[in-house]
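Two complexes, one shared chain (chain A), two partners (chain B, chain C).
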Partner chain A sequence: MTKDACKKLVIDIISDIAPDEDLSGIKPEIRLRDQLQLDSMDFLDIVMELRKRHGIEVPEADYGHLASLESCADYLTPKFPDAAKA
Partner chain B sequence: MNDSRYEVAIIGAGMSGLAAGIRLAHFGKKVCIFERHNAPGGLNSFYSFAGRKYDVGLHAMTNYVPPGVKGTPLGKLLRQLRIDREEFALCPQKQSRIAFGPRGETSLRFTNDFAVLEAEVAARFPAQIDGWRGLVQTVRAYDDVSLDAQPVSAREVVGRHLTDPLLTDMIFCPLMYYGSAQERDMEFGQFVIMFKALFLEGFARPFEGVRLILRVLLEKYRAAGGERRMKCGVAKIIEHEGRAARLILDNGDEIAADQVISSAGFAETMRLCEPAHLAEAGQNTGALSFIETISVLNRPPAALGWSDDTIVFFNDSERFDYARPADQVDLRSGVVCLPNNFDFAGAELPEGIFRVTCLANFDRWASLPETVYQADKQRWFAAATRSARRFLPAADDGALAAATITTDMFTPRTIRKFTGHLNGAIYGAPNKIRHGRTHLKNLFLCGTDQGFLGIVGAMLSGISMANYHVLQGGAPR
Partner chain C sequence: MKQARIVITGLGLTAPNGNTLAEFRRHLLAGVSGITTIDVRYMGRHPAGMCTFDPLKYQKKKDVRIGTRVGSISIYCAREALADSGVNLEARDKSRIGIYLGITEHGNVETENEVFNISQFKYDTKFWTHHHNPRTVANNAAGEVSLNLGITGPAYTIGAACAAGNMGLIHAAQMLRLGEVDFAFCGGVSESPQTFGIFAGFKSQNALAVHADPTKASRPFDRARNGIVISEGGCIYTLERLEDALARGARIYGEIAGYCVNSDATDYVLPNPERQAECVRKAVANAGLTVEDIDLVNTHATSTPQGDIQECVAIAEVFRGRSTPPAINNTKSFIGHTMGAAGALELAGNLPSFDDLLVHPTINVDDLDPQCDLPGLVLNHPRAVKRIDAILNNSFGMLGINSTLIIKRFVA
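Let's look at the complex of A and B:
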């Protein structure tokens, strides 16, 4: 899993949760909240979809790592099962 | 063979139970909805009678906002249930009115554009407009999603802004009719929810009516892997060591579930418990019920001169009195719905519909022998429609009679029978249980008695209770 692939998976999730958001111009370093209208219910859904689709657990203490696309990728990429092989 | 063990059992396939079910099934929970009736939808359902389809609830779906408006309840619920806005195919209202006085002399028009209502208030109640703006500001600033806010009287808060009793009553009337389980007053948080739902947001419906909404929900639930057992009521919840240990179904089968979510109502759920909690149930049982008349017409209401109004909230008494009437029906106030008067973008409903809702007294209907019941239905049908027509443009009696193909009517007795709500109480218990917890660790409430009312409210309630108590494990906020 590369960081770019990880970003794409996160974007896939967001586009399913919030199909009414335009995700084409997202800036990776800027907080998702500042570019998209996502509330706490939506962020919880991102966490739950990560668990459902990829078996990744994000403990509540780590929610802060999901703030931007870049920080998501930093935090999540090593958690994917194939990270060791990559 | 049916399974007898679930991670979550949901009591009731109404709007809230279905929404909770979709969330849980989507996230992989083994979930089953148990519904006593053969049709889903609960208070908002549909039926066929003499070859004709009728909607039960649904005057209008509240909380309508145009595409692109985000962060409101409608958008939240669509996202949470992974429903595309187009699937609901919502058509906005034309206009609605609040009409007070013996002939509706004072009238406030409102549409899905809030500026219209504000201009009407300014024109009819110029001395109140500053107070009105202050009230709107307070409403906008209020945190209405808090699950543990202290209850405050809405009459008291509104009284700080509006001093004219007529304007005050006119504002309360629609909000109470569409969402108050309390007589004469509302909890301010509930007032805010309803004010936003009706005035700041608005009304819409799918062309096909409530059937479409239910079809979408059922399909999502099925696709997510949820199970559903119809004609399969829950007769008892067996308690053991502070937990709902087993459910006994109407057919005698036993079910075990790690968690149980009930949309049957607070008092109704307390009575299902074994041992039953009758004292708690008795202290929090609703008293407000309605009748509704339905006239099916062979032409659109516009042909009778009723072309503008979608919904009309009316009252002719000195002070608006939202309470259980002493008589079988209170004819002084009510709600008219003309479903043809949504903007269906050129399409026309196949028949004209004229509906009237009034407050009613459950006890006065419940005890009647069948023949008297039928005769009383006819008598009150005529009286309610006559009363409501005072607030619509004059239409000829003969023309209306000639246009009427058939009629139907439901009473508090019908509501009790089809939804199980004690006292036929549409909006359930007067004291809502916002956090949804009960005396049993793994039994939770959703829907009407959790406190989010209406179609959109019920769905949001199911979503938030499923999220909070099951998916997030009741973690402290």
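Let's look at the complex of A and C:
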């Protein structure tokens, strides 16, 4: 799993969580909440979809790592099951 | 004590055979059923009535995802009613607007969906959605309308089994008369076909309709009827005090003439014709009318073998002795049983009779059950009448709740 591949998986989830949003111009370094209409319930949905689709657990204490697409990739990429092979 | 007169000034609806009043009425007069078949979880295909409105007309995709089906039905109907009323919501005090929606049940759909969801994860409850509670609170349907329209007055549902649609209007009329609100959205809504439990429950009760042709499955008063067709739908009215409606030059569909709500107190599911007859009589008295004044009776009959007979017994008892019987019809024969929406939707389907002087029929009556052979029944084809001044609408529900609502032609 590369960081770019991880970002794509996160965007796939966000596209389902926030289907009205245009994600084509999303800036990786900017906080997701500052460029998309996402609230705390939406972040819980992102956490749930990571759990359902990829078996990844994000403890509440680590929610801050999901702030931007870049920080998501930094935090989540090593958590994917095939990370060691990537 | 002189009570404020309450009038209907707008309505929005979605039924299995129409997403506007004009389309609904056209199909009721043309004999067009809205029943199809759907896949019911664990149970295979069954007749059901599904609505085809576009939720995205008034909601964002995200709101549809987070909310419930009945929330979308409610928002669609409320927005259509608002547009029909001609009221500019932004110019109104939104804290003085009430939302009162009748429901048969709520939360079954969302709970079943989540149980199914966690079954895909070995029943591990960490996969249970955090949306469960806002989706399943009993006020969900009214609350979603409040969120969508930004209305800050009272918004809640009225649980009254299948008597609930009438109850929404009755409760709104009461709140307007009490001066609690100045404008009300009210009626009934249902998402029931999304829950297998209601199908399975009626099937175990031997009360679920079966027919090779789904459009023939709902057949009140026919000898071959064998149960209920479960449908979704919604109908929301705008109600106002007459003086307010006149002051703004509103179109008036009709006036709330009178009503009654009572209880059988005899059985969980079996109706009691004595109490039903009492409900109808009290509603007529409440309206300041006599049975001679009722021109059209819209029955509750759900196409069950016993229930239809019981209601016919009640109606026959009330209207016995009239020189000419009122016209009597049934809307479920077209749309199935829309549960919490039934009373409100079925009333809507008949309101145009004030103007077009036609009574829509009960369809699918190929072999009239002699025990349902009421004088005045309108069967299979519309009937032209000389005048309709008062429409009586029955809606009854489990645990023995009965509601009768009478709407009269508006005369200043």
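A few remarks follow.
Basically, the second predicted complex is superposed on the first by the 86 of 86 C-alpha atoms of A that agree within 3 Å, B and C clash if a C-alpha of one lies under 4 Å from a C-alpha of the other, contacts with A are read in each partner's own complex, and residues count from 1 in each chain.
Here is the rule we use: contacts are C-beta pairs under 8 Å (C-beta built on N, C-alpha and C of every residue); 3 or more make two chains touch, one makes a residue touch a chain.
Note that the structure is predicted; figures quoted are calculated from it, not measured.
Legend: residue contacts after superposition of the two complexes on their common chain; A:Lys52 is shown touching both chain B and chain C. In the superposition on chain A, A:Glu60 contacts chain B only, with no contact to chain C. In the superposition on chain A, A:Ala18 makes contact with both chain B and chain C.
In the superposition on chain A, contact of A:Asp39 is made with chain B only, not with chain C. Put simply, chain A uses residues 16-20, 37, 41, 44-45, 48, 52 to touch chain B in one complex and chain C in the other.
Against chain A, in their complex, chain C makes its touches with residues 60-62, 65-66, 121, 126-127, 129-131.
Residues of chain B that touch chain A in their complex: 26-28, 67-68, 70-71, 75-76, 78-80, 82, 84-85, 467, 471-472, 475.
The touching residues of chain A, when paired with chain B in their complex, are 16-20, 37, 39, 41-42, 44-45, 48, 52, 60.
Of all residues in chain A, those touching chain C in their complex are 16-20, 37, 41, 44-45, 48, 51-52.
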